[in-house]
Structures are given as C-alpha cells and as structure tokens.
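Okay, so chain A shows up in both of these, paired with chain B first and chain C after.
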Partner chain A sequence: MYRAREGQWAFALHRISGLLILLYLLIHVVSISLVLFGANAFTVLHDIYGFWLFRVGLIAVTGGVLYHGFNGLRVAIMDFTGWGTAVQRQLWYGVLAISLIGLLITAWVVVPRILAGH
Partner chain B sequence: MIRARRYQDARAQARSNPELAWWVFMRVSGVVLIFLVLGHIYMTFLLTSELQASYSVVVNQLAQPVWKIYDWLMLTLAMLHGVNGARYSIDDYVQKVSRRVWTKTLVYGLAALIYVLGTMGLFIISKAMLAG
Partner chain C sequence: MQLKVKIRRYDPERPGKDRPYWQEFAVEAEPGDRLLDVLNQVKWYHDPTLAFRRSCAHGVCGSDAMLINGRNRLACKTLVRDLGDRITVEPIRGLKVEKDLIVDMEPFFDSYRAVMPYFVNDEPPPAGERLQSIEERQQFDAGTKCILCAACTTSCPIFWVNGNYLGPAAIVQAHRFIFDSRDRAAATRLAVLNQNVGVWRCRTAYNCTEACPRGIPVTQLIEEVKRAVMFQNA
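On to the complex of A and B.
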C-alpha cells in the first residue's frame, strides 16, 4: 500500500484548509455587509448564526486558520532560508502542535459560552 | 504554479514575471495575514463572544477609521491570497480547458463582487446609520 510522507499530508491539508477558509471568507464578508441593508437584514442572519452548529464551525475555522497560517510560515522558511528544508518534517510537527493547542484553547473559551447560550 | 523550494529555484522555474510576483506575494501577504487574521479572531471571537456582534456593535466598530483600515487591508490581502490560491488549485485539478475557464470565471467573478460589496460596506458605514 502506498503511504504518503509528512510533506504530502502537509500539502494536502494546506490546500483543503486554504479553500475552506476562502469559502468562509466569502460568506463572512457577505454576512457582515448586510449591515448596509439595515438592522433587520443583518440581525436575521446574525440570529441564525447563533445556532450551536455554526458556533462549533467557527472553532473549526480558527483551527484551520492556525494550521494554514503556521504551515504557510513553514513553507516560507523552506523557501527563504538555507536550513528550512532540512528540518521541514520537525517544523510540520510543530505546526500541528501549535494548531492543536490553539484549537483546544479556542474550544476551552468558546464551548462553555455555547453551552450557556451567550 | 511554481514548485520550488528556494527563491532562486522559483525564479528559474517561473514561466513569467507575473507568476514569480504571485509566488512572492503569497509568502509576503501570508506572513502579514497571520498577524491580521489571528488578531481579528482573537479580538472578535475569543476576547468577546461573536453573539455580541449585533448591528449596533458592528456599526460602532466599523465607523472608526482605524478598523476601516485594518479590515480593508485584511480583506484586500485575504481576497488576493485566497483567489490566487484557488487559481493554483483549479490549474491543478480542473483538467478540461473549457471547464477550467468557466470555473475561473465563476470564482473570480464571485470574489470580485464580494470584494466590492465588502469594500463599499467598510467605507459607507457610519454612526449615522444608528440614528434611524
């Protein structure tokens, strides 16, 4: 069976997280821009986003942004330094650790709010 | 898309100057976006609940020039970075030429429309909108 190395997982996750963040960005900008169409238009959608599943989704978006951002930094380090490629595998595990810790901290802050409904 | 490990390789591989400029842009804008986007998430999602972002809160915030500039810079860089990333993906995965053209037209068109909407929103919003 073919087994991908870390670099390929890093690349695939970078693509997927990037495309999902772009999708979120487009929806997010439209939602906030509803302010232009008055308080009612904005509030109708704002209330829908209060549903717990959307709020959990925002935690996932935060995790995706952390991964994409820090893995992007890893790519830039590989591109612009002489030592980056030699430690890219270690850097990737660092990226995963930062993303996971950031995701857990976000969940730690946001999940109680979701459970309490505020 | 340039597949290079070093700037020197990228320069050698680039088919055109714009392609090399995009390669550099993705890295530079990416580093700037780490600060802008993580700062944005921290301020609007962690320090405060996103449920607090009601109409009046959003208008009050975006009526201030400093947040207009912050958000517009973030919006501009994120749109260019995101759409160029989508272009790399489309070039890689959409093989049929006619379908590729349509996919790009759709993605670029939608992103441009939403960028104009977001930009207009940022610069039109004022506290006067709370009076009525």
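On to the complex of A and C.
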C-alpha cells in the first residue's frame, strides 16, 4: 500500500462512494420498473428491503451521497480557483465532518425505527 | 545504528531470481547517512549483484527515485534517521522493472517528449534579449526545478492503472513552456494535453505533490494547465 496522505484517500473514497451510489441507483431503477410485471412482483421485492441490513445500507448510502457531493464541490473549487489546491486538506476534513454528521443524524433517526420493528 | 533493510529484488536473467522477491540485509549505519549510502554498503560489502541507478548523489540528476518505506523519494536525499531501523526499498511503480530497483524509463521519457519540452518561437530574434518581467518569469518558476526523476509520475494512482496517461512530470514540463511569455507553441501543447491521456486523467490525489523531492506544487501546476486548456488563456 502506497503510504500517501489525505489526497489519495479523498480520491479513493470518492471512487468507492461513487460506485456505491451507482449500485444503489441501478437497484432502485430495476426495483421500481418491476411494477411493469404487476403489483405483486413490486411488493415482493420491496418487502425484502424492509430487512434490517438494507436499511443500514441506506444509512451508508446517505453518508456516501453527502461525501460524494461535497467532495465534488471540493474538486470543483480546486479545478476552478487558484487557491483551492493550497487548502485541499482542510477542505477534505470539512467534507468528512459534514458527511459524518449527516451519517450520524440519519443513523439517529433510522436505527431506533429498525430496533422498534417499524 | 543497526538497520534491517528489505529490498525488492528481481533478475530476469538468473534462474530462481526471475520472479520478484524480498531480500533482507543487516547493515550498520549512522543516523545522518543517506539511504544511498546504505544501498552502496549493501552493494559493496553484502551483494554486488544488487542493481540501482545513481549518479550525482546530491538530489540533482534524478536517477535514484525509489519507493522507500511506502513513499517515493530520492535515495540520496533521504536520511536514515527519518526512516527508522526497518527500511523497505522497492522500485518505483507503473514502469516495467528491468532488474532490482532499475525500471524502464523509456515510456516516461516518451510522455516527456510528447509535450514538446523545448522553447518554440519562430519570430525574428530581437536586437537584444527577449525580456521578461519578474511576474512573467515567476509564473513558470516552479516547473523549472523539475529533475525528471519520475517520483511524481510513478506515485500517481491513475498512472499505475493507465500507463498511457502522460503523467504529472510531463504536464509540469508542459506548464514550464505554456506559461513562458516568450514561447509561441502553447496552443499545440494544450491540444496534446486536451487528449484523453492528458490533463483530464488527473484526479487530484496529490501523491505527486507529496512525492516531489524538489518541492514543486505539482497538482497546482496541473490544475493551472487544466484551466489553460479549458479557457485557452495561456
């Protein structure tokens, strides 16, 4: 493993979160389109999503979307301004903080509902 | 101090050594010694078959870039005291290993040549010098410090998976001429860098900036070239 600093991990996380979001979108499109095969097919699949593992996955998707979106803004700042590269590390810690706070708030709302069996 | 130096070895011409393997050497060194001194000690007193490039030994010729304790550095500019007593040395990544720590630098220099790293100006020479203001000279100052050691290009995760990417070093060299007020070939260089193996492969991982032994803000220069391509304003 190359012992790099923040920039490499920012890039790696951006890729991983991007792939996760893509996977989520594909599943979303496929499962919505099941309505073409009738209400029953649609309901059977959507009942599976009530399983706790999928709901925990949704918390991760929220964190991933926040990270990907805000890190995208960080990249845009670096691309379009003369000062972005000088503060890229600080910007990344900001992105991480925002993503983590969003993730924790989502978990705070969703986890009790999973535990209560809603 | 007593060091354990682990070196990634490979020799395609010797049966049994023709697959990469690790070899460890116990070496006595002073904290102020450079890693190059340690490698010389290994070569001169332990195993003369160890192959690595070195020339000036003072951080100028750019021959001895290696992956040292997981980071690209010049062996001649790295002190033992900054590495600890367990040291790992590998060849730089993304270029074909020829023997031990020696890699084939030809693809790297192909990319270098692709950006026309020389002064182009067909206008009739003026009576005196082609004068520049301090600000004009400052604009490309950082790029002039490059020694073509390949530490930046071979630390880039994009280059590891796509050897066709021109890489940070070639872009830094292009930057040096694109932003030179006396040069007239900026548009041609920007066209080369606007290809899909050009600046747009850069994903701003900053490994190049961290690896540069000359302290060049490589990613910042690449971003300036991206903007020059985008706005055609060099």
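As a working rule, the second predicted complex is superposed on the first by the 116 of 118 C-alpha atoms of A that agree within 3 Å, B and C clash if a C-alpha of one lies under 4 Å from a C-alpha of the other, contacts with A are read in each partner's own complex, and residues count from 1 in each chain.
As a convention for this text, a contact is a pair of C-beta atoms (placed from the backbone, for glycine too) under 8 Å apart; a residue touches a chain by one contact, two chains touch by 3 or more.
Owing to the predicted nature of the structure, the values given are computational and were not obtained by experimental measurement.
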First, second, both or neither for A:11, with chain B first and chain C second: second
Touched partner set for A:43, first chain B, second chain C, both or neither: first
First, second, both or neither for A:79, with chain B first and chain C second: both
Partner chain in contact with A:19 - chain B first, chain C second, else both or neither: first
First, second, both or neither for A:32, with chain B first and chain C second: first
Greater residue coverage of chain A in the superposed arrangement, chain B or chain C: B
Chain A residues contacted in one complex by chain B, in the other by chain C: 75, 78-80, 85
Contacting residues of chain B [partner chain A, same complex]: 4-7, 10, 27, 30-31, 33-34, 37-38, 41, 45-46, 49-51, 53-56, 58-59, 62, 75, 78-79, 82-83, 85-86, 89, 110-111, 114-115, 117-118, 120-121, 124-125, 129
Chain C contact footprint on chain A (complex, rising order): 1-8, 10-12, 14, 75, 78-80, 82, 84-86, 88
For the chain C and chain A complex, residues of the former touching the latter: 67, 69-71, 93, 155, 157, 203-207, 209-210, 217, 219-220, 223-224, 226-227
Complex contact set, residues of chain A against chain B: 15, 18-19, 21-22, 25-26, 29-30, 32-33, 35-36, 39, 42-43, 46, 49-50, 55, 58, 62, 65-66, 69-70, 72-73, 75-76, 78-80, 85, 106, 109-110, 113, 118
